[in-house]
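Note that the chains take the letters A, B, C and D in the order they are written out, and that residue 1 is the start of every chain.
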Amino acid sequence: MTDGQDVADWWRTRIIDMEPGRIHLRGRPVQELIGTTGFAEMIWLMVMGEEIAGDRARLFEAALVAAVDHGPQAPSIAAARMAATCGVGLQAAMATGLNMLGDVHGGAGEQAVALYRAVERAGPEGLAAALDAWRAEHGPFLPGFGHRYHKPVDPRAPRLLALVDAAAEQGAVPGAYAEIGRAIERHLAAERGKPVPMNIDGATAVIYAELGCPPPLARGFFGLSRSVGLLAHAWEQMEQGGRNKGPTPPGYRWTYDGD
Amino acid sequence: MTDGQDVADWWRTRIIDMEPGRIHLRGRPVQELIGTTGFAEMIWLMVMGEEIAGDRARLFEAALVAAVDHGPQAPSIAAARMAATCGVGLQAAMATGLNMLGDVHGGAGEQAVALYRAVERAGPEGLAAALDAWRAEHGPFLPGFGHRYHKPVDPRAPRLLALVDAAAEQGAVPGAYAEIGRAIERHLAAERGKPVPMNIDGATAVIYAELGCPPPLARGFFGLSRSVGLLAHAWEQMEQGGRNKGPTPPGYRWTYDGD
Amino acid sequence: MTDGQDVADWWRTRIIDMEPGRIHLRGRPVQELIGTTGFAEMIWLMVMGEEIAGDRARLFEAALVAAVDHGPQAPSIAAARMAATCGVGLQAAMATGLNMLGDVHGGAGEQAVALYRAVERAGPEGLAAALDAWRAEHGPFLPGFGHRYHKPVDPRAPRLLALVDAAAEQGAVPGAYAEIGRAIERHLAAERGKPVPMNIDGATAVIYAELGCPPPLARGFFGLSRSVGLLAHAWEQMEQGGRNKGPTPPGYRWTYDGD
Amino acid sequence: MTDGQDVADWWRTRIIDMEPGRIHLRGRPVQELIGTTGFAEMIWLMVMGEEIAGDRARLFEAALVAAVDHGPQAPSIAAARMAATCGVGLQAAMATGLNMLGDVHGGAGEQAVALYRAVERAGPEGLAAALDAWRAEHGPFLPGFGHRYHKPVDPRAPRLLALVDAAAEQGAVPGAYAEIGRAIERHLAAERGKPVPMNIDGATAVIYAELGCPPPLARGFFGLSRSVGLLAHAWEQMEQGGRNKGPTPPGYRWTYDGD
């Protein structure tokens, strides 16, 4: 009935240790964390397994705050609102939207961190080659640059970058990735003859790279951030009411393009 | 093709207002919120539509921090870890666990807020009758009291209640719901001849009730909080590796209880 | 470390029994079922634990076929299509839509089975009282009757009912629930002075009630049926392409109705 | 407010055409399909846009029947059962499990179809080179061959292959992919000195390849098939009862492997 592996050993974790009446999270008694630790700091502690404080904590918090919402035209937000009219609980409406944050909708931050690291490995002289190599593998668009809606500039990006600059000046983060991001901006501007500035994903990716996050966590943290918007919109929709709310009013219809 | 309703009007929100280059969240430019607003404060602003600060903000943050994780024996956490071994993205692993926070797994906080309000409406003399009425409708167990694992006491609850007391002393919250929770504790202790103390759900429900949350948001906020643990565990599992990890080691099996 | 319960016993099932090289489903070797059993029959066997054949099987199959799709204006179908543009796998796009089939979007069939049974228990003389009682508990609308889009009649319902009549004539099903459904139709027509005919949910509920399904399985079977449309639409959308497809074209926007 | 794209045109489909009182699926009135079309045939029609009949339909049906369940040790099935104890609806329990059928858990069939096509393009002389190329890109294990539990052989595979052979003899399918699968089996047996036979994924992939499915639909159809087991197990668990059922009994615990 067993291959010799203990069932208790099937699940191993460094995150939590528990006995009746006792919960340690990342080695610290939960009651010492409650009331002394900010939510952003707690997120970092739980996921990264280390403490974050000072300017680094403020940068992380800024990235979480910046990405909470982009309105009901984002598929995830719209889906959470639709779900909220279908007779499911708030957690299901949130999960429905969160589940949509795939490679395209929520993955640009993760990809941008990976891009920045590839550019870093290529060194200052290797920027153009690194971007060419990226495009050969992933296609023409660089994740984190340009925005189909916010022209000329995504208002969240300059603010986030200013915070990175200030933190770098204090020595809290290296600042190297902000520079890489701007080098890519300059390259793209020269290439296309017009500005293609960092967007929210490019700017939060700078922060996550500065803080030392593995790329997939850029997507994970984005998921935590956007979940705030998912909850806000699902709840607003529940209070507005509506039943089985589709993408457009019932009178509108789609195009049948069969024969 | 239309029933006369404008498509633009099909989606209405007070949460976000946007034009190219401009994003306002709850009436405030996003770039003013980034770097000045904590993540917990931002959650409250987005979901409740109003600012939270001072002791009230600290209470809310404490509730968010307290509920992030209860280990891989919780179905939601285990499911997120399982999903992480099935070849899906972090967001899908998180959504899988979040989607499990239903009436039983994540709903106790919501139910406890509703219970406290029912007790409040009944007045000090009406406690026993209010509890009887609750049980007649919902069954014998009162949400938020007792714990099948943490005996004698869930270590998160006393800490959360101490923070409520301190905030009430400062006049930041009324303190009425902490008193209601303790009155229920006394009633249960007398009834059963042993302590049945508030658990994490009962204590966070005190906070949410003190802050004026509608009951369903106690569940929504719990979902945001627990998503932190879901991300931490899904990521840890991804780094541990494993493929198609079921509940027990492959050699173990279930019981067939057919004929 | 244990409360004395065997881990193997934690999961008990009558559905499947397995050893290396041997899989029995509902007591039958899987290799005997493959190639001899229709998919609809297999669904019934797995879920209900008994075989279905002949006219009963055809009725069940008809109910499954009838509900596969209602177009991209249904929130579930639209959400699956949106998800398909967000960089997630087909299974995630399907799960996203399936997860929306809650009490309102996918629950009418379940509710209609429950309604029919309530009317049955009330007996022929008790119809009006039974409907009054239902409305007092659940609100003014009777699940399974009327359609906001298909006027005068949902084309699926009469066809399904004709199949029930034919099966009842052969003695394959009692026919009692078809009669109950029609009695409710007559009552509603008299009450409102216009026809309020059974819709797809009302008609499939007749079938599920005739076949002896517990009400929640009417929702479960609807989920299996609608999953076909979810897969078809998600796949069609993937082939059409598109990135982060929201409910309306990017140029459209929602209404901000804050101050 | 618009970029000139008609909202109605934002959603285009060849799957369904609808007006009040009229539903056409793949160009056929729904009422003509109900009662005349099997569920498996309907699935093919909806997803592939063409009819399937005779031996081809029976093969497709066999693939759907074969993959419905692999017991509560599969993460998807266990997760659906866990979810069923958390106070969510059947559709959410099903979606929770379906959402886990990612690249690893549900993707082997899709990968095996792609592998067979790569081998086909390489031609009979190119088998070894094609397998080497596959492994160089995807790792050492070939999708669809061998089974960690069913030794010596997965009982579903030989039965499915026998059906393919019979259909090929009748000229209903080419039979080329069954031969490719067997050529891979021979190659693996010579390479490892022991049989590494096709498993359920390898055998259903033969069927999907013989029928002309694009690889991603092998995963989509697997999702429809496994959803049957998800529903059966979620429902069985609901009837068994249980609250917040984790992977192992409450007394068991996981291993903390921090410091």
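We adopt the following convention: a residue touches a chain if its C-beta (ideal position, glycine included) is under 8 Å from a C-beta of that chain, and two chains touch if they have at least 3 such contacts.
Since the model is a prediction, treat every value here as computed from it, not as a measurement.
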item	value
Interface residue overlap between copies chain C and chain D, same or different (over half shared)	same
Rotational angle, Cα trace of chain A fitted to chain B, multiple of 5°	180
Separation of mean Cα positions, chain D and chain C [Å, integer]	22
Between chain A and chain D, centroid-to-centroid distance (C-alpha), Å	31
For chain A paired with chain C, centre-to-centre distance based on mean C-alpha positions, whole Å	36
Chain D residues counted as touching two or more neighbouring chains	1, 7-8, 10-14, 16, 18, 71-73, 78, 88-89, 92, 95-96, 99-103, 106-107, 149, 245, 247-248, 250, 252-254
Interfacial residue positions of chain C with respect to chain A in the complex	1, 7-8, 71-76, 78-79, 82-83, 85-88, 92, 95-96, 99-107, 148-149, 243-248, 250, 252-254
Chain D partner contacts - residues on chain C that touch it in the complex	1-7, 10-16, 18, 20-23, 25, 29-31, 33-35, 37-40, 42-43, 46-47, 58, 61-62, 64-66, 68-73, 78, 81, 89-92, 94-96, 98-103, 106-107, 149-156, 158-160, 162-163, 216-217, 219-221, 223-224, 227-229, 231-236, 238, 240, 245, 248-253
Chain A residues touching chain D - in the complex, by the definition given at the top	7-14, 16-18, 26-27, 88-89, 92, 99, 247-248, 252-259
